Each structure stands twice: as C-alpha cells, then as structure tokens.
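Next come two complexes built around chain A: one with chain B, the other with chain C.
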Partner chain A sequence: MAEEKKDPAFRLRETKGQMSWPPYAPGTHVRESDIREKKINYSWWEPEVQYAWSAGHAMNVFLDGLKKGKIMGINCKRCDRILVPPRMFCEYCYGPTEEWVEVGDTGIIETYSISYLDSDANRITEPILIGVIDFDNSPPHHGIMHYFGEMDKEKIKIGMKVKAVWKPENEREGAITDIKYFKPMEGE
Partner chain B sequence: MTFGEKQTDPLAKTHWRGDMQADYFYPSGVAGDKFFEHLKNNDDFMVCKCKKCNKIYCPPRLYCEDCFDEIPDDAWSPVAATGKIRLFTVAMLDAHGEKLAVPRVMALIDIDNTDSAMLGVIKTSDLDADLTGKNVKAILKPKDKREGTLKDIVCWE
Partner chain C sequence: MKEVAVIGGGMTMFRRHLKETGKELSYYAAKMAMEDAGITKKDIDMVVMGSAPDAFDGVHLKGENLLDGAAAAGKPYVRVFNGGGTGVFAPIAGWWHVASGVADICLVVCEEKMGNCYPHPQTAFRHIWDPILDRPLNPNLVWLFAMEYNRYMNFAAQKMGISVEKCKEWIAEVAVKNKRNAVGHPCAQLADPNITVKDVLESEIMAWPVNRLDISPPSDGAAALIYCSKDVVHKFTDDPIYVGGVGWNIDSTMWTNRDLYFPRYVANAAKMCYKKAGINNPTRDIDFAEPYDPFTYKELHHMEGMLLCEKGEAAKMTHEGETQRDGRMPICPSGGLLGVGNPIAATMGQKVCELYWQLAGKAGKRQIPGDPRVGVGMAWGDIMQMATVIALRRG
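Then we have the complex of A and B:
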C-alpha cells in the first residue's frame, strides 16, 4: 500500500504527548524585579502623546446651550424631527439639519438601568440610576443619557416624567455634567 | 457654518485636551543581553555564527534567520567595532519636524567580518561628501557611563 501523503503538521500532531504544533517554546520570562534590579538590559521611552478632542460644530452649540441652562436640538424639516443631541446632518435622509430649537428640560424616561457597579466597576450597595430621557419638545425616541436623582429605585419606571436639575450658573462649564441629574416631576 | 465647510482646527470649538500614556519598554532579550553585557565592559561587539550556513549575525540572535537552526553558546565570538557605510542619509529635521541646527547623518553600516548591518549616526563635518563605502569605527561612551542600550554607541567616525 502506498504511503499516505501527510503534511508535516499532521505528522507532528499524531505523536501524542511528544510534540505539539506549533512547537512549544517556553520563552524567557521577565519579572518586575529583573527590571527594578537592572538584571536585564532594556530600553524605556515615554513618548509625549497629546491630543485635543473637539466636540465639533453641532455639539459645540449644544454644550454652549448647557452653559446657559438650555438644551438645544436641531430640526430636519424633510423628516419633521428634532435631533437631540444635535448633529449637522440627519441620519435618516442625509440632508443638512436646519434650525436650532430649545427642547426644554423636561421629559420622560425612555429606558433606565439600576446599576450596582460604579464607573470603575466596583460593587456598590446604593445603586446608580441611569437612563435615557426623551424631551417633551422633541419627537419620541430622541434623547440623551443621564443620571437620575431624588428618585427611589423601587419607583423608577418607563414613562415617568422627569426634570433636569442644573448646577448653579457660575459652576457650569459647558459639559453634560452641567446637568446634575434628572429628578421626578411633582405628582410622580 | 454650512454643511460643506470643513473644520480642521480641533482647538477652534469646545475641546478636551489629554495626555496619552504610551510607555515603550523593550527588553533586549537573551541574545541582546549577551551583546550589551559584553559591550558594557569591552570596546568590541559580541556576534554569533550559524554553524549550518556560516552566517555571522551582529547584533546576535538565538537562531539563524535563514535556516532556523539554533545557534549554540560556543558559536559566539567578539569582532572589532568597525564597519563600512553601505548607504546614508542626511536628516535636516528632528523627530518633531523642527529644523535641526546641525544636520544629522545616519547610515547603514556593514559590520566588518560579519554578514550584518547596523544603523548609526555618522560624525562628519562635510555634509556634501559621498560617504558610501567609507570605513568607520564606533565611538562608545566611557565605560562607567554605559547603560546596556544601543545609545552606548555615541556615533561612528
């Protein structure tokens, strides 16, 4: 019988326990102490890597609005919608957006989460309430994500009416954190 | 601002500045360690030779790049830190794109008695000269200041 043609990799796999494929290479481990005690030779370089991240034109207007205590949106007349947060083009029709409008600082909870992990993934006992807010003056399903406060974790529900709680005007810096959180409106 | 306008300056609008930590740590490895330990106390290079294809590597390797044969410990020997310029370039700008007061000449140097080449800075006063084929010698730091990196070779002359 003619010898079956096998690729070298296959042959190596056949010899069970003898050799693995790809061949096992133990490598050389470097410990932190080897570096500290200069047991090994190495090069160390700390490059200067600086960046500036721009909010862009639309978000710039939005953030300037926050400084003044306004939540700004922009409308697309073709699709008859208001975009919050604003964008320079409408992602439905790809046309440019047109007029700036204030959407007010009241809305309803579109969706929410009760998080027992903080932003560093530490376990916490008192949960963080977070979710998406639909503004009253914008069409449904157009909202921003923010914290909820002065709210009971048992009472939070989708459709709950909420209102923004702003930082004092002199502490605002043109960031989304100029709104401290959203609190339930009276009667909720 | 119209739709067609392009904003290219990130500082013109609300922006956030930041630093990215991107430390670069490069251990010399087993073969590189031997090379630099030798260079710390001597003025010559430790090289190694593949016994199968007789290729001499500088800086040394643990295995031959051509035949993948392992290079054993007894195939190592020192060679003089001299070489011949294969090709060179004159840099007018530094790494940040700023104009250099004194242009730097960098070259690929074929190390004598080996089959390898190393990159190095050439010390020369004549920037217009054709340096190709010129014999050069490595200028090393004083022995007590050597750190075991390629910076121990100050330049080639």
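Then we have the complex of A and C:
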C-alpha cells in the first residue's frame, strides 16, 4: 500500500474525504494447487447438457450436397455474389437468395494457422493445419474454415491452390467432416 | 440530449484466478469509483452491469448473480453483453441512461471471473462456435485470431514493403510496449520492465503466427465508472471530463465471407463516435487511444480501423516509436490487455477508466506527458465482428 499512497490518484481522492476502502483492491490469488490440494473452500460442478441442433433449410441443402461430394452455394442476384456457406437470405441486402450453384471443391488458401493447441488448449506436438478456403467458383474472400492435410507445414502459404479430400461415400453423414481436409493441388 | 460527465473510476487487481467472488470484485471496483466521485449508493439512480459469456462464471443469469455487488439492489438495473466488446459497450449503455435524461447519476460495473472455469477457460470458448459448420471441426478460439493475424500480417508486410518475418517482429513490439507500459499500473497481471522483442518471438508458438507472448492472459477482475449529467456535475468537480461521443457496429456472423485484412465494422463504429465527438481529423484531434489489444496484431488492426493511420501501416508507426507513452500518438498507455490482463468485460478499466484517469491527471506513473484533452477507447468482440468506441474529452 505504501507504493499506492504515492499515486496522485490516491491523493486526489483523499481530498474528497475519508477513504473507506483501499483503491485498486489487491485481491487474493488462487493457485492451481490451492484447488487440487483443497487448501481453499470451493464447490465443484460439471454440467451435463446435451443439444441436437437442426441444420435449418439452407444448411440442410449444403449438408445433403456434402453427402454427394458437392459443395453448394446459393446466389444473391441483387448483390451479385454466391454465398457459401449458403443461407436463405442475404444478410446485406436482406432479400431472399435464389439459385443453388455448385462452387466446386477446389480453391485457394485465404488464410491459415499452424496450431500447437487442441480444442481444449492442450499442447500438441504434431500441429493441426487449419484455415479458410475460398472456392474457385465463389467470389473472392467467400469460403469456409477447414483443415489442411497431405501438406508440408513449411510450404503452406496464402494463395496456395487446394482441393478437397472426401471421406469414402459410404462413410459420409451429411456433416462438414464429410470433407476430411484440403490438400495442395499438383504443382503446389 | 444531456451532456454526460465521468466523475469516478475504479478497478481491482487482475489475476489469473482470484479468491474473491464476482460480487466481491464488483463491490471493490464500484466502491473505489464511488469514493473517487464522493457519492454513496443512495446517490446512484441506475446501474449498468457488463459481463461476458455466462459460461466463464458458470452461472446463467449472471447479471442477477452479480447485482448486489454492483450497488444495484432496489434500483433500475440491466446487464449488457457483446463478448469482448462489452468493456466499452457497458459504458456506452451507461451513457445513454444519462444522455436520455432518465438518470442523473449512473454507475457502470464490469466484472469477469474466468478462473471459475476449471482447469482452463478455453473450454468455455468451445460453446461460442456455430454448431453446424464449425463445431464438428473441434476448433480452438486461438485459431480464429491466428487466421486473422496471418491475413493481416501478409497484407501489412506487402503494404509496408517488408518481409513477413520483419512484419512479425514489428508486431511483437506491441507486446513489449504494452507490458512495459503496464509497469506503472497498480492492477497489472503481466507487467514486465525488461521484456524484449526476442522474448516475444521466442516464446512458445500457440497457433502460428501467434506466440504465447502475443496473447493477453485470461483473468479475474472488475472495473467501475460513474457518470453524471452536466446539470449536476458542478457538485462533484470544477474540471469535468465529458463523453464526447460513442459508436458501435457489428458485421455479419459469416466471418469466412469477408476479407479479414481490415475491420470495417471498427471503422463504422469509429466514424459514428467521431461524428458525435466533433473529431474531423482523427490523427490530429485525438491525443491518445486505447484500442483493444487482446493480441499484439489486434492493437494495430484496430488502430487502422479507428483511422489513426493508413491501412497496413500501424506496425511501422509502432516500430518508429510514435505509439509510446511519450510518442506522437500514445497507444495503450495503461498497458492494455497484454500488460494489465484480460478479464473480458472488466477491461473497461484500461479502455475507458484509463481515458478518464489520463484526462483528469490521475494516471500516476502512467500519466501521458503534455496536456491530453481527447482520448478514444475501443473494444472488440463476438466472433471478430463487433466494435464499440467511446471518446472522452476534458472540458
């Protein structure tokens, strides 16, 4: 507290009357071991909640497409763009979208990361390659997030041409994971 | 509309996990702000609470859980929330309570207890992703920012005519500046007077291009702010700090359908705020800024969105020292999220309370030299789409 009393902010407040509480309450730090070794009182709760989300109209067509090895987009004629992932309305002009189109399963890497963290922030030694893929038949900067595979982490770069690698047809279930990953196209 | 003045600020220490409950932290921060303003609970007309996803605290109806600590029992009270944007959005909501004339005095409290989510709050972030498209891929939130960082860095390197490696070095300078700035902050979790660019670049890679020291830490903490109407401000101070303007804007949820190199929603929010605040030329009319810096590159990305420099050139400005506390445009003089800590909503302490402390000459060791008259704070949230901006001015 001696340090904080030198702070002009503290002096300014003191001029307004008696402080009833120290400023910048220091708090008490809890360590991981305090919990593990039960050095502090605490209560514990592990929620068990389950959900089943229906995919909705637009994503239903998209997921059915994946089962057939097709990536489906839908166009907004007013904004002259193909929306992928698809939706029943365009969020910008707020009109309905119109015609379903296949955007192909090839594209370029819009951006990527080489991750040494898994989904729970645990460290992993073999990195996960993840990124956004812009499809050849969709407008620039319109794509989806997915994994990269058969890819050298030293060679991955923005703008690299990639192609989807699909699960065998009998293993597809109408999920984004029906695409295993995107791999570099020949010559990349 | 009424003119709105800031008459008190408060903040607790930020730490990875604090023994204090959310209510207790809220009490400490609110009490400090009330002492600063020289008011008691009975003087407060209305209370706004800001707190981010319920999943961190592990209590649904979190606003209701926290209200007693926020001096709100028996008063009009609302909790607002837009992810990381909350730290500036809660004070925006507080502003309209007073600007509209429905309250003369409004207390804003922001609280976050990420430490409750055990063993790591990252687990709670799993629940924010789109359930159909993203969640089956088991994404980690850091991936998202790593991808935006990479896209931005590639653009910025090209714009500045330097290599990507050099650009990453300049981006790392943000962590060095902010962790050093935080040395003067009584609440700081990660202040480091001796940190170097090499330390940042050599810290473990989390998700390339993000290294460990590119990220602000999860924290527990609270902050508070007290507003009053210009009609009653003479009771509290002769040299008031006013809210010049506020702005907020959100882009589409479809983040894979836009170019991540530039946050246009930040520009929209900033323009809305600047128009109200009479800021015609941001680089000339703004004396210092507190853009949201949960990651090193975000400070730069946000400076560009806030029109404080040309697109893709904020790293150069940083490298040339212009954003240091004694530079031409001090950026994050508080130490920001990278230096002080990132208890999501409670970063109101760095992004808004700091503006007040700097303009009122109460920032202690962090005081910007000269005579700052206009400061702008900004926060960023939801899934790379929400921007909240506030401008404070003296007199």
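Simple rule for what comes next: the second predicted complex is superposed on the first by the 137 of 188 C-alpha atoms of A that agree within 3 Å, B and C clash if a C-alpha of one lies under 4 Å from a C-alpha of the other, contacts with A are read in each partner's own complex, and residues count from 1 in each chain.
Assume a residue touches a chain if its C-beta (ideal position, glycine included) is under 8 Å from a C-beta of that chain, and two chains touch if they have at least 3 such contacts.
Quick caveat: nothing in here was measured; it's all calculated off a predicted structure.
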>> Under the stated touch criterion, which partner chain does A:Thr28 make contact with: chain B (first), chain C (second), both, or neither?
In response: both
> Touch check for A:Ala55: first (chain B), second (chain C), both, or neither?
Replying inline: both
>> A:Tyr92 in the overlay: touching chain B, chain C, both, or neither? Say first, second, both or neither.
In response: second
> Quick one: chain B or chain C, who's touching more of chain A?
Replying inline: C
> Should A:His146 be classified as contacting the first partner (chain B), the second (chain C), both, or neither?
Replying inline: second
>> Per the contact definition in the header, classify A:Leu63: touching chain B only (first), chain C only (second), both, or neither.
In response: both
>> Between chain B and chain C, whom does A:Thr177 touch in the aligned arrangement: first, second, both, or neither?
In response: second
>> If we overlay the two complexes on their shared chain A, which of chain B and chain C does A:Trp45 touch? Say first, second, both or neither.
In response: both
> Considering each complex separately, which residues of chain A are in contact with chain B in the first and with chain C in the second?
Replying inline: 28, 30, 35, 40, 45, 47, 51, 53, 55-56, 59, 63
>> Under the definition above, what is the set of chain C residues touching chain A in their complex?
In response: 10-13, 15-20, 25, 28-29, 31-32, 35-36, 38, 58, 115, 118-120, 122-123, 126, 131-134, 136-140, 142-143, 146-151, 154, 186-187, 204-210, 220-221, 252-254, 256-260, 357, 360-365, 367
>> Quick check on the complex: what are the chain A residues that touch chain C?
In response: 3-4, 6-9, 12-13, 16-17, 19-21, 23-32, 35, 40, 45, 47, 51, 53, 55-56, 59, 63, 83-85, 87, 91-92, 110-121, 127, 130-132, 140-147, 158, 175-177
>> Going by the contact rule set out above, which residues of chain B touch chain A in the complex?
In response: 1-3, 7, 9-30, 32-33, 36-37, 147-150
>> Taking the touch rule as given, give the residues of chain A at its contact with chain B in the complex, in rising order.
In response: 28, 30, 35, 40-57, 59-60, 63-64, 88-89, 96, 174
